[in-house]
Amino acid sequence: MSLVRTFILLFGLIAGFSVNIAIAQTDPESLRPLVNELAKGKYAETEKQIGALVATGDPAVAPALEALGAGVLFYRKSDGSVFITEKAGKTYKLTDPLTLEAKGEAGKREVKKIKVNNKLRRVIRAALGSLTLMAPDPEVRKTAAEAVFKARDPDSIEALDIALASETDESVQLIMEQARAAAVLNSDMDEAQKINAIETLSEMGNRDALSLLINVQSSSEGVVRDAATIAVEKIEKSIAAWDSAQNIWYGLSLGSVLLLAAIGLAITFGVMGVINMAHGEMVMIGAYTTFVVQELIRTSAPGLFEYSLFIALPLAFLASGLVGIAIERGVIRWLYGRPLETLLATWGISLILQQAVRSIFGPTNREVGNPDWMSGAFELGQMTITYNRMWIIVFAMLVFAGLMLVLKKTSFGLNTRAVTQNRRMAASMGIRTPWVDALTFGLGSGIAGIAGVALSQIDNVSPNLGQGYIIDSFMVVVFGGVGNLWGTLVGAMTLGVVNKFLEPYAGAVLGKIFVLVFIILFIQKRPRGLFALKGRAVEA
Amino acid sequence: MMSSFLFRAMDARAGIFMAILGAAIVLVPAGNLLVPETSPFHVPTYAVTLMGKYLTYALLALAVDLVWGYCGILSLGHAAFFALGGYAMGMYLMRQIGTRGVYGDPILPDFMVFLNWQELPWYWYGFDMFWFAALMVVLVPGLLAFIFGWFAFRSRVTGVYLSIITQALTYALLLAFFRNDMGFGGNNGLTDFKDLLGFDIQADTTRAGLFAASGLALVVCFLICRALTRSKLGKVLVAVRDAESRTRFLGYRVEHYKLFVWTLSAMMAGIAGALYVPQVGIINPGEFAPANSIEVVIWVAIGGRGTLVGAVIGAVLVNFAKTWFTAALPEIWLFALGGLFVFVTLFLPKGIVGTFSQGWTALRQRKISAAYEAGSDEPPTAPPHSPGAPANVTIPKPSAPVSGAAEPQPAE
Amino acid sequence: MARSTSLLYLDGVSVSFDGFKALNELSLTIAPGEMRAIIGPNGAGKTTMMDVITGKTQPDSGEIYFNGAVDLTGEDEASIAELGIGRKFQKPTVFESHTIWDNLELALKAPRGPFSTLFHVITGAEKKRIEVLLDLIRLGGKRNELAANLSHGQKQWLEIGMLLAQDPKLLLVDEPAAGMTDAETAETAELLKDIAKDHSVVVVEHDMVFVRSLGVKVTVLHEGSVLAEGSLDHVSADERVVEVYLGR
Amino acid sequence: MKTTFTKLAVAGLMASTMIGGAAAEETIKVGVLHSLSGTMAISETTLKDAMLMLIEEQNKKGGLLGKQLEAVVVDPASDWPLFAEKARELIEVNDVDAVFGAWTSVSRKSVLPVFEELNSLLFYPVQYEGEESQRNVFYTGAAPNQQAIPAVDYLMNEEGVERWVLAGTDYVYPRTTNKILEAYLKAKGVAEEDILINYTPFGHSDWQTIVSDIKSFGSAGKKTAVVSTINGDANVPFYKELGNAGIKAEDIPVVAFSVGEEELAGLDAEPLVGHLAAWNYFQSADTDINAEFIEAWHAFIGDEARVTNDPMEAHFIGFNMWVEAVEKAGTTDADAVIDAIVGVSVPNLTGGYSTMMPNHHITKPVLIGEIQGDGQFETVWETSGLVVGDAWSDFLDGSKDLIADWRAPLSCGNFNTATGKCGGS
């Protein structure tokens, strides 16, 4: 909420400032009756009132409109005057929508929000676009041009022409031209103009352009229609090509989620041979740790929110790792050499952990927020890449690399491999096997915990979180070949990509069924997974 | 030859077990139907159905114990066969509804009517006849198990790899049956049954009858399992469990043995499912859930793996605990159940039956061999001792490392 | 020796695991009734050779014939066992949760299908045969003991007994004396010599004393192929053999 | 071992009876049949708490018929056959007079025969697919005509939507609702190619492909909206993906029938502002009775941050209707209550009254709300009057001739007006 407000203030200042220079100054007070009008009537009236404000052409109304769209424009019940508000505990801080001066505070019951709906938000977005095309900040101009593009309003052509004439930033210029083209196609200008516009959009080549062009195609005739048809075909072709790239991306993204979920299991199950049914709950503990960290940050240090995940990572590792060590010391160490019984005991433990979380945090979903750098998306060609998915892929790779490093390059890793390969021999060489067992199990659980941090960004944080991943995790580890971390990596990525390539054709449900059948058949071909050891050592 | 095969199934332990089951089959329905409700000996219908359900679970556990306990195949997908049997029965019961459905369509089940299905899919044909449905109850799970096992055992998929692909199998079926396009009622499954072989499914007599049928099925399957495991084939199975490649080098085609018990076990699970459905009144894809299969394995482990009786006891006990806990401690019962699992694993590693009759397995083996060796073709009759108290043992009881014997090692 | 008159005939057999050549153009022939000792350092390919003969591992190339005419490549363990090749593992492998008696009963030559075993009732002849074997492996007194409770040496014997129960034409015996006391080793040698009277036997062994006490033709394997062949004295005089065993 | 079992069994049955009947004698027992563990615990536990609160409040007011009410809580553990077993246990062993419970369609289907056989009462508080009317069941949640159709009308009229994505979880509620909507949209002149129907499994967590499909479906030059019948758990990742992919409500609005305040509490609502939901109650409803209810709820649960939602209101209405009907009948006897409850009117939380109709559905206002940044909804549209729940949809071939009326002399849940017979077509 405060972010929005800061933005509005900043934005207002800039807009106001530019007004002072660019256009003859109007007295803000002359706008006030129009702004106060907003408090009256229902959506239909509000829409008209917005139109009236925009008709003044005065950028000074921009902050009020922006606040209206964001749902922070309120009116005072006593006198009907309108304010931008910010919630501060039980009261609201008031700001004058035109002068942007602080106007004190008001209680909850003294003010009332001016309601907006989607339609109004669309109107406001378009209006703000045309009002701020000349703003000094290129970012603001860019946003404005994008808004004008979406509005496709022929009336904005004039404003765009003026803005284009003085535009210096090339990227903004491009968007303005596209916006102009969109508006031209929606107007009754001559064919030559329209064909020009079609070319501009054809260059643009994305789905927005496609959407516009399809419209043109169906609503026009003759040369324009032909030009539109050609452009549509061209764009559709290029989008189809990008679609396979997009699919691979989705597959890698799903694969990295599977990898994260499975990699801890690759240690506790793959390396140590514990059929760890409580693995999912370790992931869950990691996710809940993230929740607790964010809660603490929200209440005591809101500034740190952007870093919450970095704070949560080591804590989640510790929390899950310690629980893992406790489980190993308390239960599993009595069961080495009896792997099937670990299934039983860890199943019991998983029930207990689920219920424990349910009792402590309640049965409902808990909110784990995405920091700004995990939100949103960017375009790469015609692909949309969301930041959270991208970071999760990067993160999964880092975790994998880190784990490899620990197991291959540290003495702890050496000990782990020694103990899991030949316990008695390792013990007689002076390795403290109980410690190594506990720490290895702790490591696997801890990794599951940090996977939980990542998964909290894309999935529910609820007591059922772990159950959703346990089967997939076992599939990945077994498909890749038990005891081989590279197998887990390749297995996860293969299953992810296969799944995503099947999904558009078969649908999500059938796609998943096919993947399972594929695993069953694959295991027939390679009964010990993708990366199986060969030779006579395998079967004793 | 056949008679001696079946006769082999009997001994003291089996006898006691069968006597108790037999008594239950007679007494529970009698207590429900004949004893007046005011009497303290009256068995409420609620309890009859509940116990009937336990018995079908026990049969499922028995099926799992046959493959896991004796042949070392850890199936994490047996619920799939159970559910398939259940669906076959459910389809029969759906067809019996006839025009009594809410839309009154004589052919189509309700869920098809409101999803605008125009005609009955081909795989629903025949299910209006009980004999056909009954055949399908064993045939469908059996066939699936046969095909699956044919590939898996030939490819020598063993250990956790086999366990995980059985899990993949049941998971895939779960997703498939969830699909409404499959024509099995999607998530809601099949429900609202009216009657079975003309008997009102809600009538007390039908419930008592179903209870008795479940008990009888359990007895018959128990006898079969018992005879099987005590035949030479049973010995081969245990040999496969303990040292698969040794068995191969002796010339036994291990995959045939596995396929045989695997298919048989799937058929038994199918029967269990078919008896389960009319008693609980619904079959839906939730029965395919991998967690269900894991639970069955846990019942067997708690009762005692490789003991048959243990599987039955484990299934009844755990489910009884669940019934009790969910009512008595609704908010925290998972702590209790989870704790029970951990406790049993740590302190009763051989399960209940295994712990109580420790060493008895070994004795029994000796007894049998001794009897054979003594030249009598008669299978040994009931030895004069109960499971808990081994008597007249000439050979000193093996001391510490008995675990290697009575404790079956996983196939892996 | 020609293939047609041999009992076991290997020619140019190669096996590799992930690039490592376990067997390299191995050729070897065993005559009917022969007893042969195979020695070689660790990794020489002895166990892999047994795996290849018994069908556990399929060779990448080469020929394997049994009885002069039967092609063993492509057959699985069970059918090769049925043909009459018995194998004893390096690590004694018996059915630990069965009694000695049951172990032998399972091994006895009889129909191996699931349905034949399901309805199988033990016959008097079978019992007699088991008795004979029990005497032979000196475990008569422990017939009702679980195999798990046997000592290491007794398990070795039991396994040999099971081999005999199969009534094979050829016995492949992998390190029968491993982990035995000197007395047991000597007894085992006697036992094997007894057996060799009416079976062909291939013995893989490390223990030179043991091999010497068998007094048979010796084949030395090295890096997956035959290095030398002949009497023990003959091969131990071979410089290459000395180098392989002591050199490196 | 059998003896041990019998002993345990007896002990167990006694124990559960004891717990049920601890205060014994002069109480009226009310069963609460909601999953407290397993996948549905996430939604149902709240309803269990709501019931306990309602019962506590009623007891403060002096109970019912001069007796105290007593809640009997069991956990059917999201296991559908277990619902039937527990329902039987509540009625037969614990002797409850009414049961409030179930959430999913399948759990309701599972318990139906039990209530019919044992002639007891079930109040079912969740919006559902309709196509059902049973003598012993009272449907206090919305039927499709009380939720889905008004929402589509709103989008069509107010937002000018011409192209529709019907996205749902693959189970009976979305299937039926989408069938009805498809028929409805076609009747309104929407072309076949302007409707995209998509189903996903339960708990689906990877929405990348589907969100991108929606995006490309939306770029065909016509105003597009998504009608979501996606089930509870899968919504959080769906909305997260939607927000991240930059699909704004102004461009492609999503209207959901299964997303309420409780689901939104699990995610950051800021990117979702403007997406819609259709319900019969929002926590934001500005009425005194709602303020009281929320205050009582917060006091009961001890957490100011807990939200209220539509199924809770349904229990509120259902419970009050039952109380009133019992008082009217002077007994808790099922038959008497079934006769008495039709026509009973109780206040709902949005400022009006809801009435139990002869088809055992209730009258409700339909509200369309937009998601706000704080995870609440703002009502942007509501029906002018109350809408009567329609058990049998007029848009499905099989059911358009069916009506339900449980009053004598008709007393039928599926009366066919075309053939004049009770019992379907």
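Should a chain be cited, it is by its letter among A, B, C and D, assigned in written order, with residues numbered from 1 in that chain.
By our rule, contacts are C-beta pairs under 8 Å (C-beta built on N, C-alpha and C of every residue); 3 or more make two chains touch, one makes a residue touch a chain.
In this text, all values refer to a predicted model and were calculated from it rather than measured experimentally.
Novice: Count the C-beta contact pairs for A-D and for B-C, then tell me which is higher.
Specialist: A-D
Novice: Which chain's C-alpha centroid is most distant from that of chain D?
Specialist: C
Novice: How big is the gap, in whole Å, between where the Cα atoms of chain A centre and where those of chain D centre?
Specialist: Distance between chain centres, rounded to whole Å: 30 Å.
Novice: What whole-Å value do you get for the distance between chain C and chain D if each is reduced to the mean of its CA atoms?
Specialist: Computed value for the inter-centroid distance: 72 Å.
Novice: Could you please state the distance in Å, as a whole number, between where the Cα atoms of chain B are centred and where those of chain C are centred?
Specialist: From the centre of chain B to the centre of chain C is 42 Å.
Novice: Can you compute the centre-to-centre distance for chain A and chain C, using the mean CA position of each chain? Integer Å is fine.
Specialist: 64
Novice: Which chain D residues reach two or more other chains?
Specialist: 36-37, 170, 199, 201
Novice: Do you know which chain C residues sit against two or more other chains?
Specialist: Touching at least two other chains: none.
Novice: Going by the contact rule already set, what residues in chain A reach two or more other chains?
Specialist: Those would be 354-355, 467, 509, 512.
Novice: Quick check: in the complex, which residue numbers of chain D touch chain A?
Specialist: Contacts found on chain D: 36-39, 41-43, 45-46, 158-159, 170, 198-201, 203-206, 208-210, 212-213, 215-216, 218-222, 233, 236-237, 240-241, 243-246, 249-251, 253, 262-263, 265-268, 271, 273-274, 276, 370, 372-373, 378, 380.
Novice: Would you tell me which residues of chain C are touching chain B in their complex?
Specialist: 54, 56, 76-79, 81-82, 86-87, 89, 93-99, 101-102, 105-107, 112-114, 117-122, 124, 127, 130, 143-146, 148-149, 162, 166
Novice: Would you mind writing out the residues of chain B in touch with chain D in their complex?
Specialist: Listed in rising order, the residues of chain B that touch chain D are 20, 24, 44-47, 49-50, 53, 99-105, 110-111, 113-116, 175, 178-180, 185-189, 191-193, 202, 280-282, 284, 286, 309, 313, 316-317, 320, 323-324, 326-328, 330-331, 333-334, 352-353.
Novice: Across the complex, what residues on chain B touch chain A?
Specialist: 74, 148, 151-152, 155-158, 160-161, 164-165, 167-169, 171-172, 175-176, 178-179, 245, 290-291, 294, 297-298, 301-302, 331-332, 334-335, 337-342, 344-346, 349, 407, 410, 412
Novice: Could you pull out which chain A residues touch chain B in their complex?
Specialist: So the residues of chain A touching chain B come out as 275, 277, 331, 334-335, 338-341, 343-345, 347-352, 354-356, 359, 467, 471, 474-475, 478, 482, 509-510, 512-513, 516-517, 519-520, 523-525, 527-529, 539.
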